[in-house]
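Chains: A, B, C and D, in written order; residue numbering restarts at 1 for each.
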């Protein structure tokens, strides 16, 4: 089953989506929200693209879609890398957790895209 | 962190979304696709609502959204139960796997909605 | 075609999603982002639920899903009303535009849910 | 406002998403569902990527995201073209409508991606 071979990447994508969704909410509650604006913006894009990449992979099973999944994973990796770099520049725990999830996801997506 | 208390339900939702996404694709490749039409239709709704319920929960952290998450989980549980019942009526492995994921997700969502 | 009868509501939902997506981005660029935090948070929920309500309606055609669509529209209306009320409390043009789109969408969704 | 310049493409994306969502449901109700399996599969991918491209554009306003939007539009155009070609090979009204929406959306997305 082709779906299985995507399992690690799907898990990394959904984990990253959750951390990004949560990070944006936590950023909105920080004292200096303005300093987190770029992080929030990237979190929004990253959460959505991760969720969609996971959905594309789960649907790809030798019947159209594997190629789409690989292309979307390549794009997803780029956003994860940029979101992870931004998160890494902040000291808050939610940003650190998010940065880690972004990096793991970027790695898994790069493997898929290759 | 409120996000943590949603963890089990988020995991169950994303797991269910993946099984539904995959089940629909596998149904489309069965010999008798017509017999799977209802299953495919329910899989489409179920995958999307599970993904959104998970996103809502990951964003809910004492700052708006917890109430929305609980309401959406109640609705998600209903769809999971109907999708799980349909999947359970088919013999294919992908339907059986999907039915299990739907039931687990419905249970977690019912707890959240309570 | 049942899909046609949902047309006005689908249009209102996607219009509202766009205004919410845009409003959140514009809020993140305001001088006092902190004052817009609640608006951004509501925009995130509202955009997503509107998009999903529209998707549910477009898929509903006498073959499962019309009931789901009506339920989701009821929930969507609630979020639109709360988002619209928050947006209405701000003076910025993007918030005013968003408030209007939220109210129109809430009205259409209430009709659907009825 | 940068958001405005994306307006035509956003509209074409959401219109295409609705036609694809509806086409998949209508295909599932055809006498020979098996003959529509590829169309249904492409509709699923196309609806989702169109919805996400529209969301990305509505969020892009000189503050990150315009570049992401253009890249996603390029990918979206490819899927729209393939979905439109498949739909065009069927005689049903919903496929014809969907094929038209796919072509319009592909054109708008190609302009954005350029």
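What we mean here is this: a contact is a pair of C-beta atoms (placed from the backbone, for glycine too) under 8 Å apart; a residue touches a chain by one contact, two chains touch by 3 or more.
Chain by chain, the UniProt names read as follows: A, B, C, D = Four-helix bundle copper-binding protein.
These numbers come from a predicted model, not from an experiment.
Matching B-C against the pairs in B-D, A-B or A-D identifies A-D as its interface repeat (over half of contact pairs the same by residue number). Looking at A-C and C-D, the interface holding more C-beta pairs in contact is that of C-D. Chain geometry summary: the mean Cα position of subunit C and that of subunit D are 21 Å apart. Centroids built from CA atoms put subunit C at 25 Å from subunit A.
Taken residue by residue, subunit A touches two or more other chains at 24-25, 28-29, 37, 41, 44, 55, 59, 63, 65, whereas all remaining positions touch fewer.
Subunit D makes touch with subunit C in their complex at residues 3, 10, 14, 17-19, 21-22, 24-26, 28-29, 47, 51, 54-55, 58-63, 65.
Residues of subunit A that touch subunit D in their complex: 37-38, 41-42, 44-45, 48-49, 52, 55-56, 59, 63-65, 68, 71-72, 75, 79. Per the touch definition, subunit C reaches subunit A in the complex via residues 24-25, 28-29, 32-34, 37, 40-41, 44.
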